[in-house]
Amino acid sequence: MMINNQDVIKFLEKAAGKIKENKEFLTQLDSAIGDGDHGINMDRGFSKIMSSIDTLRDKDIGTILRTCSMALISTVGGASGPLYGTAFLYASKSLNGKFEIDMNELLEALKAALEGIQMRGKATEGEKTMIDAIAPALRAFEEKLKSGGTPVEILEATVAAAKKGVENTVPMKATKGRASYLGDRSIGHQDPGATSSYLIFEAMLETLKEKV
Amino acid sequence: MKKIINKPEDVVKESVEGLGLAWSEIVKVNYEPMFVYRADAPVNNKVAIISGGGSGHEPMHAGFVGYGMLDAACPGEVFTSPTPDQMYEAAKKVHGGAGILFIVKNYSGDVMNFEMAADMLKAEGIDVENVIIDDDVAVKDSLYTQGRRGVGTTVLAEKICGAAAEKGYDLKKLAELCKKVNGWGRSMGMALTPCTVPAAGKPTFELAEDEMEIGIGIHGEPGRERMKIKSADEITEMLAEAIIEDLPFKEGDEVLAFVNSMGGTPEIELYIVYRKLYKILESKGIKIARKLVGRYITSLEMQGVSITLLKLDDELKELWDAPVKTPALRWGI
Amino acid sequence: MKKIINKPEDVVKESVEGLGLAWSEIVKVNYEPMFVYRADAPVNNKVAIISGGGSGHEPMHAGFVGYGMLDAACPGEVFTSPTPDQMYEAAKKVHGGAGILFIVKNYSGDVMNFEMAADMLKAEGIDVENVIIDDDVAVKDSLYTQGRRGVGTTVLAEKICGAAAEKGYDLKKLAELCKKVNGWGRSMGMALTPCTVPAAGKPTFELAEDEMEIGIGIHGEPGRERMKIKSADEITEMLAEAIIEDLPFKEGDEVLAFVNSMGGTPEIELYIVYRKLYKILESKGIKIARKLVGRYITSLEMQGVSITLLKLDDELKELWDAPVKTPALRWGI
Amino acid sequence: MMINNQDVIKFLEKAAGKIKENKEFLTQLDSAIGDGDHGINMDRGFSKIMSSIDTLRDKDIGTILRTCSMALISTVGGASGPLYGTAFLYASKSLNGKFEIDMNELLEALKAALEGIQMRGKATEGEKTMIDAIAPALRAFEEKLKSGGTPVEILEATVAAAKKGVENTVPMKATKGRASYLGDRSIGHQDPGATSSYLIFEAMLETLKEKV
């Protein structure tokens, strides 16, 4: 199964919807250990993407993602803006001019996204950030891909690992981002950025499920 | 949520618009993307100083744009870092050919967004120095963490570097000066009440009627410790001691003492804190050579106070005293 | 009650002490009885201007003592008029031989206490003029009542008369000028929350989470009408319309627009109000020639805003622009 | 029965005690239609009198009252400071050098006090002020004196009339003092200054009752 530019548009619409649905929830998570704006920030960014989605429908996947990157960078702000913005930008690099990609290419793009996040934020796993959802998710993706899973199976494994990753952030002590100012008091709370990353993987899975 | 606003999503834009209308002789406003800049920009051959950050800390930063302080300020949404396109466009507007100094508070969002803007400008051959302010002693510092937050010293660095830029400091010297101010400045704050981000509609945290939060940040993020409310003298002592022992400030030092309201705390209380701070410093042989008392770096309507001490030498004193003309800070002109 | 204070009965004394310590280059403090006066007093052959009133309105009045504004300020207990011995002793200290102008807000307590002080001084052959400020359009005026309260115009009168005194206006001319400012100034305020007098320990009134009080005074006294909270634009309209039609301000008029926080309302909201005020006045052909935006006449930590409009002519504009150097208001020097 | 300087001292002690007891109550009344400080103001003034009461025990009545006047003027502030201060000052005028007075002299002094209040505050009856307690009280005093009542009877009538006067302030609309800013909204509330005047008359009555 190939993923085409229409699927990417659908994925973006689903992701935007999920972010909007969980706006309050993400903000609430961020109130506990941050400054209470993560849901608001993410929703502002994805709403911006949605506002010009129609101009993207006939574009190649690289262009779509690069345009999303610019929208996120220039509207989200906060820590998550440059991080997700850089993620989309890095993901777009290998997809320029392509209207269809396979699961191998998707994995490469996702790995590039993670690399972008780490270049920008200088965090590693275990610091209670979005990386704690994304890194294990990509490992699960790769394993399932190698063991010959179907696209939906691959993304089911990815989402499950992301979910596990989100849960793992609860007992962590934050050492990057705003939550790190709390020191030990950050322990016991779920990381908002990891949670939004999980939602985005879920949007990918649902897009593929509808396709088959 | 009790606020004098229209739609929550219009708060920043309308407020900046009001600032621009009120102070058109000093500042201009650019809306897409949003930044506030000196009406007489660019000032040729002067290093342009740009700061910015989430809104809700007024008058910081837009209230500090003008002669002798900032060339431009980039306001983000309330408590949310501005985006790189704001800093990029602001820099293009105010660059006078001598480079750009970014004064950035140490929050991961601010740091990353300013970094992205700096990357974009450097790619076009514009010199940019990024100086991070991280003066909040409430946060434990370590190599492996984000480090300390940037708070009160930011205001002092903007004033002092602004004066130095007018005097002709080049970009390298100005960046060094900014790092010196950051190295010599220490702050800590506390809150009696939380504040409410308009878009969120409810307080960022809860505090019981008899509780206060010590070591609070400027975004309503929880602080170091929650405890029963104490007297003004005890609160001042807690903040001052933590600050003094951190640098440490020593007998014979001259300092600038900055007593700041988080927004909702009225002036009558600020001077009660100043009085005690004066006595504490006096008893330790530390001399207040300059002072600033008022609301300069706030958290919306939060009640609370922060103290900043900045060690002074002749260079800093002279630059502090130099004329400044901005909406929120003005003297000598 | 959440406040950064020590004992409620020491609030005023300790705060004034802090002000004196912070601004010793501009003001001195006398403790028995309490008044704050210019460090360089008496200024020979200049009319000395004295104001005062209950505390809790900071920076008014003590924050306005200094070159180009007040010679002395007499702070009463919180929201309680000062006593005649304060004004009497302050006058003796700052009298430069050219007489004394008392600027008094129209509250029965203030009026009577200043009157008693004036009687005492006149008995000693010192010329005193007592000018009453009564600019609050929220209060219905009538020959048979106490009349209107004195609010925002007081700050403007102190600045303008202070400049005129420095320029050499004699007592009679200065009193006329002060009456002219009062005659051309109109104000109205509103509150979202009450405030708490430290000695009382609980809020002066109650307001539901969705209510506001229009036409509030500066002592937490109830206002004209209680209603559901409205948008910033609607609030600004209500205040501005009442003010404009009262004088009335007319097409072609030049005005000073003063948007003031009751204390707890942050600057970000003030400029939203200023923006709308600007548009309302613009639509009526009234030009804002000068402005003041900030916290200048407050009610402790009360959240709310007041608007003052002052009609301007060349004399008032020139005097407004003249240099002033006080703890809370400073420019040109 | 004559009233001597020791009685005046006792009266002042009782008045100070009543004001302190009713500090909260007076302040509460003032919160409804004023600025919530009347009890605090009055207590500050009478506490000041009490702090130097021992230096007054051997003084003549005029001196005692004049000293009280100065204490009230210089510590009460607000509207009530100059008003009560002037009242005590005017009352003292005819009593200079006297160590004993009769009920006729007391009435003259009280009338002078009312005159002082009206000179200073320019209010008349019916404006919802302390005058609405004092004026009817003095009329009752005079009547009972003329009809030959005993000192205690005279002051009982005085207190009763003051009480009535206080009650009468409830339906009044204030036109003087801070309450006047409320216009019609001042209606339905008891005037704090009238209430403190009533308490002072009560202190006089109790002093005389203990004497007989």
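Each chain gets a letter, A, B, C and D, in the order it is written, and its residues are counted from 1.
The working rule: a residue touches a chain if its C-beta (ideal position, glycine included) is under 8 Å from a C-beta of that chain, and two chains touch if they have at least 3 such contacts.
Fair warning: this is a prediction, and the values are worked out from it, not measured in the lab.
Hopping across touching chains, the smallest step count from chain B to chain D is 2. Note on chain placement: the centre of chain B and the centre of chain C lie 29 Å apart, centres being C-alpha means. Chain centres here are Cα averages; for chain A and chain B they lie 32 Å apart.
Averaging Cα coordinates per chain places chain A and chain C 55 Å apart. Touching two or more other chains at once are residues 78 of chain C. Touching two or more other chains at once is no residue of chain D. If touching chains are joined by edges, the resulting network of the protein chains shown is an open path. Applying the touch criterion to all chain pairs gives A-B, B-C, C-D. The part of chain A that touches chain B in the complex is made up of residues 27, 31, 34-37, 40-41, 44, 73-83, 85-86, 120-121, 175-178, 180-183, 185. Those residues of chain B whose C-beta lies close enough to touch chain A in the complex are 33, 54, 76-85, 107-109, 112-113, 115-116, 138-140, 142, 144-146, 149, 197, 199-200, 204-205, 217, 219-222.
On chain C, the positions that touch chain B within their shared complex are 2-6, 11-12, 14-19, 21-22, 55-56, 58-59, 63, 78, 192-193, 209, 212, 229, 231-233, 235, 263-275, 278, 291, 293, 295, 298, 300-301, 303-305, 327, 330-333.
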